[in-house]
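One chain, chain A, appears in both complexes that follow, with chain B as partner in the first and chain C in the second.
So, the complex of A and B:
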């Protein structure tokens, strides 16, 4: 017995050892599968864009290597050749590299899902692996997370399929990207993710109750987490992607797992790091913040002077105020590098320049009296004298001529020439690609019809540059994000991403509305019913118009709604009046002229007069209806002249009686505004006319 | 005087009618002391000299006349009686005594038995100039079998969801599961200010509240609020994040205007804990902040703040169910260091009394009786060869020879005939149990048969 037990134990030990010995693998997705960086990424894949003068993919690979990854699969799709060339030249493909890099390219990948399905099909991973994008910059040591992940899998028999790595950072932190803001509900003890949701555009966060029914009595809702887009996956993840062919992104996967937790029994956990750095460069806003974090040494040991890519001539010196200088940098007389400046090799800077918080690439020339603040200049950029650049990106080979002013969030894509004497407004993107080219490009992506490419390129060449846009000597087109892009409607095609802090005003407004809701709830709980009823009535009338329903049936429907929402007859009438009078605005927008308004309203009144007549019978009903009319026109004060016509029509259609109108006119005025309304000339004439008509009729009667 | 203590002792004990049928809840004996003694003792220990006790006439009469109910407290008790049939809630009761309230108040319920460090709650109240601070505790599992109940109580009860901030002190959210049919909804703006929220279930609200005086004034104006726990506390918690509470410059002038304009707004403004000028100045000049992560002022300018102290260990019971009553009886003796056997009890030398039992005054315990893990009330007679285990025997009970009582509650003045065998039963007061009767735990509440 005992010997058998011993043997078993031994067996366990060896299997453990085997596990340990298996090399840690990683899947690096060197494609974003979106077009956020267009037009920049038209010429260079995102993973190769320089950040602190080093391609972003190098950061990701360095991160993986330093956490102990021994085998990395790099998946490329868009411009895979460039990435391949870059990697083959880099230190990762040297025989001494501790991290073996396999490059897998295919033009068929359309999403992360495709990549992982391919991972499964090719059976590449044998054990837990790390999944990252090629634009992640991080120095987090994930070995702790990995250990926790393995422990969980051992204890719970492979229930946990993924551990997501988060970094703690408060809302509003500049390395947090509004688009990527997530809210996570987790089990405090097991660190299990119960709910995961992007919060962009949400005012209220809703958590389904079933997530709280797992026996635990302590949960945590966290909004202070920054998604590093680093996840530790078990091999099952790839299988799950194969099983669920509709999973496209990691988000789909996470949601799918959480929703189907009961069925599949898979769980996702999270690991929160407090002191590491990890962020994904998902838009230029993030590019800006990650780049400045890099220069400010938050990503230590990945610092500019470390030259971790081990390339010749990349070295630079680090001096006070985080000023880095590459080899052969020349600085003109009187130029200042204030703080957080990184200058690449062979760059020359003229006299009297002010440079702060900027990164300048290799082989750049900068003229005299140039002001650079938060500028990101890549390689071979030429800046002439008297130029000012604020928070902008200038790509390789761009030329900025004399006295050009780049305001915030401008982008000059590859080989663009700007100026002289021009000021680009905020958020201008200039590219050598014509915006209309994109669509054609789109097509040839699928067709890969070389002829057409050449053809389209010829066509774009022919289009002239607009000197008003790029200056007299300029070359380039203003890039406008195409509107017809439907592939990811949630991400507006905005390079810079969303504004980080939405105005606090809207926030408090919502609070105020909440407040009033709160209050009204305590007073009369029907308020919502009334609103709902109004919408229903609107819907009914709309349908009635579209399908030509007889008015009697409309009345029936409204009556049944009245009971469903418990609405009084008086309210029915007021709401009905309101809905009808607002109908033109509803259909054609609020900026109608008075003439258009009456033009479309009067036929409607005629169509629906039987409905009105059904509800307006007693004298009080008339008054109620009139007060509803008044109320509406008090709100729409630009259209007050239309009121007379409406009243006239209603009178003619015998919806309203003259006595009621006269009575309303004489007694109804309760406040200044309604008194003002009654002074309307047209209205006075109408009343006068009514009075005379009445006199006549009464005379006739006598 | 910083705080006035208010003891709520008018509740009828509707969740344990079997016990409170004859004895009002505040007077139920726990460890041979009336229940109301425990909160009074709690207050006395921390140095209160005066307590306003809100109770019913009946209870007042009993306290003043019945020697068994005598409360040996040195504090001055200001007893306010309310009518029993008026169906007043706790907030109604506070409104009733508004005239007496001069300062901030500490409200305690009469059914609270705890060894909590009260200063923790009050310190939160002081440190944050809070409008409300309250005490909660981790819920305890009741281990004892409850008479008349079959099996373990199902956990079908609806849980309370309590949301606290990262430090576990600030109360951000409070709702019952029953009200959350649409899921738990939190405004993003709150999460933005306080990005880390712990949602806890399985907490017991001790019904101990520190409240600002302005809250009592608010109650006086707002007659629709009738219960502290049910309405007032959720209202205050919610109000922390509404806009009118955060706008910093509501001066008195605007205040006046609002009062005239809108009755509702008036009520809200009044409830503001208006920070004194000096205090405000201190906060402006100090680098102290209650949160990290953003640059906004302390508390984000919120002036109505609710805090909660959650006890991690220690004991905290609310004696409002039979199970809690039994559990409290088992543990209460640990709260005071009086001899387990009252000196005036006449106890035979040849009987067996466990160390975890309590014998009340003037008891008679005869030979060969065995009492384990039980409480015997005052003036109770226990005859020969009686075995009492895990039971609660109230005052004036007579247990004849050879009885076997296990896991039961015997209410006062009952006579149990010779040789009766009672297991897991609840026997009402002034009953006569026939000799040789055998009563075992039955599915329904057997106790009802004895009334």
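So, the complex of A and C:
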């Protein structure tokens, strides 16, 4: 320990004395806050899923310890007991461990934001800390990044709040996950992040001009970066999360900081490394590639034979072509382990098997004539003879009977039995959890696990297995990700995530339809965002009305929504206007008479006028608002007479100015319909009246 | 209880050392020289001897063996650790025999475990380990001192990669003689570049060549002087990648091949297809991770060591003088007790 401490101190000899004395801290979030690994993570939290026969959280802790972290806070939520048990048994909790691990559990964490707010509330961090997820596999030496971060903090007084660690890797790299693909604009000299955007599904990228107008004269726009999900944060980060309760993820945070950069003066920096390895296992696609990278020794010295978790009997030997064998492995006559194979202890393999690019856990039995390619088998798996498995995951305790054929991207969750004589199509997911039970306990996904298990057992007894799906002796249900509403769809897309280069041979029906769905969704993400934003605004206003929330708070909420969905101010105003004007229809149906409509709308306008005033300030805003009003009434042509009343009310409430209305009236007409609208008698009268009022007031003024 | 404190401190030190060994050498070979590793191991074993609870030589040996097994398992390619454990075991045997006043090995065998208190045994063992440490400190100097016997004026000398011992050896010779050194760069880690920089700083005429040019240049070379990671029991070497190429080229041109290897690199291990013999590190240096798509289509390996068979080696220069490869077995039996060969 002493030597490591020394190394760390050497890094910042010049920095302040107090900083040196404080141990380096880390916050490890052992929860993904999404259901990407369902149904596997229904039985086991993601951080404990084995990667190369070692739980993923152990990689993360080893990474932290080797970079010199001396105190780690592990935050768990989903199945926190299991994580706790695992950690207490591991070497991290031994008294000699140089890295003191504190486990903090709560069922209330729903996002990274909640965790960091709790960090702030409990005052856990005193200095710069490293923020990682429990599924990050890395051997990057972040001390360089840390040093740069501290230097920056010292030079310009706490302006830099976060340094994100990226690894260089060109597009098309198999360890790059499309969901995490980012494009970053940065200042080449100061390494400051100017713009940060996820590129998933975007065909066009837009960069605000203003980012290029100040600062230094050299910029880089980079798309060759792999997000390692390792960030070095200053304690301010936790405070900022507390101040902005709408920040849920690091993405929100980064975007928020960048948008408010001029106001708050906080900056985010970037550290790009070429050495080392760092990736987050965010879906099964990534699981597959990280696992294969690990077996191919990219993460050296975190290799299977190093046994860095220091567990008894976990060691294995490494021989040519990256074949790793644990203790007591038996291999039948004529079986071949071709390359990149890892076999856990006490596993026996029958005769004439072909194994390549696979990871096999402890205590597995494999029959004769089995072909395994890119298979990930966890512990206690039984595979009978004549089975073929391609690029699939087989979880603990699963049984695959004779002559079963698993095609690409299949998943057999815990304790499933499949076969005999069956071929599962591409992308089949079989689980002991019935998909319908999922819908029922949709809301309480964060229930404690024992409750959950009891729950599911009852269910499984009630429903029979379908032999056509899982074979005559099979046990388990085909898992279909619930596609109830748009939000869920987003999360449950597919266990394997998006494939970067869709395999040419994977043109089976299900795959194809899945892809086309993805496409259609991804082509127009802005529309989706706008729609979602509109719904959110509606919800906010509704709630505001029911619970009598002060308008200032409504403004705050709408503002935060604006950042969350990346909506421009102009759109906010138009959407707000639209939502308010449609509100009576929403509440009471579209068959309202004009009279009823105005009757219910006018009081609403009055209550919400502060909200409007907040957004409508400049002359252009007035025009935008008016055009939104116009647009709505063009659609609702039966209620055109109500328009005058609305405009009148808005004028009276001083939301709109008369000049703006007049200007709109005289110039706004662009097509026949709007010209038609302007010929409306009521409107004409209203304008007339306005003009007179103006004349009068100007006369008075003279 | 101060005793418990001490023990906790000891285990902490050992754990830290183990962790360092495991993480040691991210890609470019060991961060520390093997000399330093040897010294650290010995110092740690001295601490174990001083602080662990034991009442007989047998107990102590058992403790040392146990810790030794863990240390060697942590980084099997780092053989110096195991060698130092064997040396300490040998020291305990000798001290024990001396304290009984007999040097007969046979009758020591039986009573090793029955042994009662010998008041001075602990002090003597620690004393002997201190001597070993002094010996370790002087190894490089001892080897460098012999340089003038081997390097003559206006010779052309080839070396490969970077070895601290060879560097000291050449620098020592350069104080009196003028000669030319050709350094093979030793891809993919290219430690040869560093070596060349250090040599030219000591105003030695130095040329760096690519590994592919080794054979072509060899005809001009008078002598090849290399370092090694381990000297194996049969007199062969486990040395950095590229050494075998140099040795074969030297044999073809009948150029003498001299290996500078301190005694602590002498290992009782034989070359075989045993899995711990090889060490593969991250393939990053061979094909950078940034390459993108190609990585999913190829398998990249990055081995660190070469095996050089003993018949290609002319002479070993160790801190106790020069020896032929065929004499290694004899040195082995002097350094280590045959009973200890497997921990």
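Rule of thumb we're sticking to: the second predicted complex is superposed on the first by the 460 of 702 C-alpha atoms of A that agree within 3 Å, B and C clash if a C-alpha of one lies under 4 Å from a C-alpha of the other, contacts with A are read in each partner's own complex, and residues count from 1 in each chain.
Note that a contact is a pair of C-beta atoms (placed from the backbone, for glycine too) under 8 Å apart; a residue touches a chain by one contact, two chains touch by 3 or more.
Since we're looking at a predicted model, the values are computed, not measured.
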item: First (chain B), second (chain C), both or neither touched by A:171; value: both
item: Touching partner for A:188 - first (chain B), second (chain C), both, neither; value: first
item: First (chain B), second (chain C), both or neither touched by A:299; value: second
item: Which of chain B and chain C A:688 touches, first, second, both or neither; value: neither
item: Touching partner for A:321 - first (chain B), second (chain C), both, neither; value: second
item: Which superposed partner A:588 touches (first chain B, second chain C, both, neither); value: neither
item: Contacts of A:222 with chain B and chain C, given as first, second, both or neither; value: first
item: Touched partner set for A:212, first chain B, second chain C, both or neither; value: first
item: Which superposed partner A:277 touches (first chain B, second chain C, both, neither); value: second
item: Footprint overlap on chain A, where chain B in one structure and chain C in the other make contact; value: 169-173, 224
item: Complex contacts: residues of chain C adjacent to chain A; value: 8, 11-12, 15-16, 19-20, 22-27, 73, 273, 275-276, 278, 280-284, 288-293, 295-296, 299-302
item: In the complex with chain C, residue positions of chain A that touch it; value: 1-4, 65-66, 95-98, 139, 141, 167-174, 224, 274-277, 289, 296-301, 305-308, 315, 317-322, 339-340, 501
item: Of all residues in chain B, those that touch chain A in their complex; value: 159, 161, 163, 177, 180-189, 191-192, 195-202, 224, 238, 241-244, 246, 264, 292-294
item: Touch list for chain A against partner chain B, complex; value: 169-173, 183, 185, 188, 199, 202-209, 212, 217-224, 507-508, 510-512, 514-515, 518-519, 522-523
